[in-house]
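Naming follows writing order (A, B, C, D and E), and every chain is counted from residue 1.
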C-alpha cells in the first residue's frame, strides 16, 4: 500500500544532511551480519547490537558488514559516526530513491546503486537500493530488505575460498559485490528479452487488445530499468578514473571488465527499447490491416446487396397495374421474375469480378 | 488577465542595462524583511525603507535580506547601487522571464532561478523567479510575490538554530536557500508522477475524450518545468567550478550534493516526458482498438442481415403469379415460408460460425 | 514574384570572391546614412556618394555608416576596397542567403546575421540579412531594404545621449546593434507564442480542417527562424572568445549578456517546436476521437434497425397463406402485429441497454 | 542495368590495396586532359598515353591532369606509381562507393568526394565520385564519366585568366575545384527546395495518392545526398586543420569559406529533411480529415434513412387487417399515409438539426 | 532449439574470470589448424592436441593458430595459460555474447568481434564471435563453429604469397583477418540493401499484409547488425590510438583504412535504418489511402441507394387507398411508376455528379 511508503516529500524543510529514511516502512528489526576473513581464516555471525561491528574497523582481516533494513535510522547514523562517514552520505544511503552515484573520499569510497530482481509471481521487476561503503579493510553494505538478496553465491565463495576472493582485499570484495549485482541485470534482461520475443510473435499473429497493456507494461519496466542502470556507466567510469589508493592496481582490471559489462547492459537495454517501440508500430499497422479487412468485407457485402435490395424493393411497390400499362408492366410479364434473378446474378457476379480485379478478394 | 503582465516587448528599444520590471503588475507595496544572525544572536525585522538594510553590508553577522515584489523598480535599483551590483544584473533580476543563470563577480555571486509550487486549486504549476545575490556576509533574495514562499522552514531553522545553519556563513545560507527550492521541485514532480500514473491507468481502461486534454496539459507542464529546470544543471555546475573565494571549502561538498539532486530532478523529468508520450501512444492504440471493435459489430450485423433483407425483399415482390408458373412459384408452395426460414437460419448461423473462425467474435 | 529574386545559382561558375548580389532585385537607389558622434558632439547626414564616407575611417569620433540596399554592387565593392575588407567578406555581405557568421580580422570584425520582423498584414516573418563591419572607431551596417529597420530607437538614444552609448566606442555601438536585433527576436517569438496558444485551444475544441494548414505554416516559420537564429549561438560565442583588441573589456560583459539572450531565444524556439508537434498529435487524436464517435452513431443506428428492417421485410413477403397453414400463419393471427411491435421494442430497447453497458452511449 | 555495375562484393577476398574498379562498366576509353599554366602561359591538350603526363610532375608551372573514366585500372595504377601515391589511396580512388574523405601525406593531399548533378530528364540526382590528388604544383582529378562535368566554367577562367586562379598555385586550383563542386550542391538543393514547396502546396490541396511516392522519392534523394555530403564537413575541417605545407596561408582563408558553405549545405539539407517529414505528417492528417468527411456523409445518410426505411417496411407488412382490429389499424385510417409523411419529415428534419448542432454539417 | 544454448545466466554466481562457455552446445570436437609462414616458407597442419601449438609461441616465423569451437573450455584455458592470457580475457573469449572490444596488453592485443554471414536458405544473418589474440609473431583466432568461415581467400593468399601478406608480420596478419571480416559486412549489407529496395517497390504497389512481417524482420536484422557493428568504430579507433609496439608503423596506415571502412559500414547501416522506417511510414500511408478508397465506395453506394430504397419501401406500403383519396394517391396515378423511375434516375445521377465534383470519383 502506498501509504506505507515514506516519500521524499517527507524530507522537505529538514536541514541538509538530516538522516531521514525514505522508503517502505517496515516492522521487522534491522538484521546485521558480519563476515570476516583473510586467506586462512573465515567466520561469520549475526550481531544484535551495531556496536559489536565497530572493532572490525581496525582489524587486519577483510570484513564485510551487511545491514538489511534502513528503517531504523539511529543504527545507520551510529555506523556513520563510528566509521567517519560524511552526514550527506548517510542521508543518501537512507534516501532509497537516490540516483546511482559514486563518491570518493580519502579513507573510503561510497557507491550507491540498484539491485534488480525479476519477481516471477507478479512479473514485476523489484528494485532495491544497495549502498556500499568500502574502506581500507572493510566493506559495509546497506540493503532495504532482508528477504531478497543476490549475494548468496558470493557468500559461499568466501566461505569455501573458491576463486580469488579470499586472496584479495576489501577492494576486490567491493568489486565482487558490484559484479554480482550487474550480473543479475543480465538475468532480468534475459527475462525481458523473452517477453519481447513473445510479444513480437504475438503481435504478428493476433490482435488481442490485451497486448497493448503488455507492451505498455514492458515499456515502463524498461524505462525504470534505464533510470536505474544508465547512471551506472558514469559511476563505474568515475570509479575507474578515481585513482583512489583504496583500489589496488590488480583490481583496476576487474573494474574495467565491470565497466564493459555495464556498457553491454545499457546497449541491450537500448536495443530492447527500440524493439518494443517497433512492436507497438507493428501492432498499430496490423490493427490498421485488420480494419481494412473488416471494412472491405462490409463494403463488398453492402455494394452487392444494397442495389439489389433496392431492385427487390422496386418490384415490391404497389403501383396499380390496372390503371395504366405504364405502371409496372414487368410484374405482368411471364418472364419478369426470371429476368429479375438473371439481373441479380449478373450484378452480383459482375461486382465480385470487379472486386477480384481490384484485389479486394 | 494577460493585460496586467508587462511583457518583454516593453523593453525593446531601451538601452541595455535599463532597469525595467517585466512581469505581473501589482498594487501592494514591496515587502522587505531582514534576518540577521550569527552563532549566538538572532533577530528579524520588517523594514519600511530600503535604506535601513544598507548598514548590514559591512556587519560581521550573516544577514539575509528578502525582497518580496519587484514592481517598484527604484527600490531594486537603490539596492543595486548600494551593494555595487552590475546594472545588467539588476536588469536580469527585474526581467522575470530570465533563463536560470549564475554570474560570479569578485565580491558577489548572482544566481537566478525558478521557485516552483503546485497549486492544488487549479492544478497548475506556479513559477516565480528568485534571484539570489550572495556577498561575503549577506544574502539578498528577490521574489516576485509576497504570498507564496517556500522558505518558512528555513527561517525557523535559523531562528531555532536547528542544523548547521547558524554555525555557517552566508555561502551556506545561499546553499540552503537553493537546496530548499530544489527540494520543492521533487514535491511538484511527485504530484505530476501521481497524475501520470492516474493517466496510465485511465488510458488502458476507458477512452474518455477528456483524457486528451489532460495529457496535453501534462505535456505542457512538463515542457515548462523543463525550461525552468534544465538550465539549472549548468548553473550549479558552473557554481561548483567557479572557485570563487566567497564559497568556503566545506560548502563545496553541499553544492555537489545539490548538483546530484538537480540531475535527479532532470532525470525524473525526462522519464516523465517519455511516459507521457507513451501514454498518448497507448491512448491512440486503444482508440484504434475500439474503432476496430465498433466496425466489427457493424460489419457482422450488416453482413448477416443485408443479404437476408434482400431475400425477404425478393419474396415481397409483386410479380403476378397468375401470369406464368415462372413468376415466383415459391410463393405458392406450401413449404415456401418454412424453407425461407431454414435458409435464413442457415445463412445467419453459417456467417456466425465464419466470424467465430476468423476470431471476429 | 520569384523571378525577381537573384538566386544563389546565379553565382555558379564565378571565381570565388566575385561580388555578386544574391537577393531581390530592386529599383530604388541605395541609401547611405552617416551618424557621427562622441560624448559631446553628434551629427547625422544622408550622403549621395559613397566616397563621402571615406574620411570617417580615420576620424577620432565614432561613426556609424548604414547602407540600405545591396543591389548596386559597385558601391559595396568601393567600401570594401576603401575599408580594406577581404573580397570573400564582400561576397558574403552580398549573398543574402548567408548563414549567420562572425569573422575576426586584425583591424575589423565582421558579423553577418538576420534581422527578423513579424509582418502583421500577411502573418509572415520577414527576414533581412544585416552585415556589420566593426573597425576601431566605425561601424558599417549593410541592409537589404530601406523601408524596414529596427534601429530607430537606437538612433534616438544616440541623438539624445540616453544610456551609455555616447560614452562608449564603436565596439559598444556594434553590440547595441546586435542587441536590438536579438531583442526583436523576442518580439517575433511572442507573436508566435500567442499563435501557438490559440492553436492549442482551437485544437481541443473544434476540428476545423484549416487548422492543419495553420499548424503547417507555423512549423515552417519555426523551421525558418531556427535556421536563422541557431547559428547565432556559435557566432556570439566565437565573438566572446575571440580576444580581439577591438573589443574593450567593459563591452565583454555586455556580449556575455547578449549570449544569454541568444540562448534564451533558442530555448524558447525549441520549446515552441515541441509544442507545435504536440499540437499536431492532439489534432490527430481528436480527429480519431471524432471518427470513433461518428462510427459509433452509425453502428448503433445500423445495429438496431437493420435486424428490425429484416423482420418487417419478412412480414412483407407475399407467401400465399391460402396454400398451406405453414405459410406465414403469423399474418392471420389477430395478435400478429402487436407481437411484432413488442418484439421490435424489446430488440431495440435491449440493444440500447447493451450499448449503454458497453459505454457506447 | 544493375548487372553492369561492379559491386563492392567483387573485391571480397582480394588483398588490401588491390586496385579493383568498383562501379559502372563502360566501353569508351579513358580520356586524359592536361591543362598547364602559370601567370603568363597557358596551354591545354588531350593525351593518348598516360606516360605523357609524367613530366609535369616536376615542372614549375601548375598542371591539372583530369582523368575521365576509372574502368581501365592499369592506367590509374601507372599514375599512382609515377606520382608515388599509396596503393590504398589508389584502391580508394577506384572504389566509387567510397565515403568522402581526406588524407594528408607529406608530398600530396588526397580528397575524395561526390560531384552531384540534378538530371532533369528523369528527376534523379546523379552522383559521381571525384578524387583529387594535390601535389606541390600539380592537381590530378579522377572522374567516373566523361560526359558530365561541372568544371567548364573553371576551365574558361583558367584560359581567360579571370579571377585569381592564374596568380595562384596548385593549392588554389584544388580549392577552386572543390568550391565549384560544392557550389553545385546548392544548385541541386534549389531544385529539391522547389519540389518540396510544390509538395507542400499539393498536400494541403488535394489527396492524390501519387503524392506518397513523390514524398518517398524525395526522402530517398535527401537521404542519399546526406550520405554524400555529410562527411564533407569533417573532410574540409580536417583539411583546414592539417597544417600541410602544401597549402599556402592565403588559401587557408578560402578553405574556411568553403567550410562555411559546406555547413550551409548541410543546414539546408537537414531543414529539407524536416520539411519533408512534416509534409508526410500533413498528408496523413489530411487523409484522416477526408476519411472523417466521408464517414460523416455515410453516417448522416444512414442515420436518416435506415429508421425511415424500417418504418416504410413496417407498413409494407401483410398482417391481415380483416382478422382483428389490432392488426395494422393505421392502414385503414384515412390519414395514415399523411401521418407517415409527417413523421418522416419530422424525423429527417430533426436529425438534420441535430447534425447541425453537432457541427457535422 | 533454444535449450541447447548455454545462456549468460549460467554464469551468475561464478567468481569473475571463471572460464565458462556461453553459446550453442555442440558435439563435434574442437578443430585446431596451424598456418606457419615467413617470406620464403609456408606450411599448414591440423593438430590433435593443443600442446602441439605451444612451440610456435617463440618461433621466428609468423604463426596463425585457428581454433574452431569453444565448447571444450579446458582447451581454451590451456592456450590461455601457455600464451599468458589474462583470465578475464579467456572468460570474454568464451562468452559469445560479448560486445566487440579491444584490449591492449604489453605482450599481446585482444580484439573480439562478430563475423557476419547472410544465410540464403533461411534469409537470416548468422553471427559468430571471433576473438583474435595477436602476439609478437603469432595470431590466435577463436571461432564458435567449424563449418562457416570467411577466411578461405585469406588462407590461399598466404599459401600462394599473393599480396603483401607473406612479407609482413603478425600485425599485418591480424589486420588482414579483421579486414576480411569487415569486407563481409559489406556483402551482408548489399543483400539487405536489395531487400530494402524490393520492399520499397512492393510497398508502393500493393498492400500485402505479409509486408509488415518482412519489414519487421528487416528492422530486427538491422538492429542486431547495429549491436554487432556499432562498437567496432570505437574498437578500431582505440586500436589505432593504442601506440602498441606490437603494431608496426606501416600497418597503422592499413588500420586507418579499416577504420574508414567501418565508418562506411555504420553510415550505410544508419541509412538503411532510416529507409526501413520510411518504408513502414509509406506502408501505413498507403493503407490509409486504401481505407479511404474502400470507404468512399461504400459511401457512394450507400448514399445513392439507401434513400432510393426508402422511396421504393414507401410505395411498397399497404395503406388502403380505398379508404381515403389521401392514402397513397400516387399508386393510382397512371404515371406514378414512370415518375418514380425519373426521380430515381435524377437522384442517382445528381449524387454521382456531386461525388464527381467533390472528386470522390
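Convention: contacts are C-beta pairs under 8 Å (C-beta built on N, C-alpha and C of every residue); 3 or more make two chains touch, one makes a residue touch a chain.
In this text, all values refer to a predicted model and were calculated from it rather than measured experimentally.
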item	value
Count of contact steps on the shortest path from subunit B to subunit D	2
Smallest number of contact steps required from subunit A to reach subunit C	2
Same-site or different-site touching of subunit B by its copy subunit C, using the half cut	different
Subunit A and subunit B: spacing of chain centres that average the CA atoms, whole Å	25
Euclidean distance of C-alpha centroids - subunit C vs subunit E, Å	41
Touching two or more other chains - residue numbers and ranges from subunit E	284, 288, 291, 295, 298, 302, 306, 309, 313, 316-318, 328
Category of the chain touch graph - line, ring, star, complete, other	ring
Touching residues on subunit A, where the partner in the complex is subunit E	152-154, 157, 162-165, 175-176, 179-180, 183-184, 186-187, 190, 200, 204, 253-254, 257, 260, 263-264, 267-268, 271, 274-275, 278, 281-282, 284-286, 288-289, 291-292, 295-296, 298-299, 302-303, 306-307, 309-310, 313-314, 316-320, 323-324, 326-328, 359-360
Touching residues on subunit E, where the partner in the complex is subunit A	7-9, 11-18, 86, 88, 92, 98-99, 101, 206-207, 209, 212-213, 216, 219-220, 223, 227, 231, 280, 283-284, 287-288, 290-291, 294-295, 297-298, 301-302, 305-306, 308-309, 312-313, 315-318, 321, 328, 330-338, 340
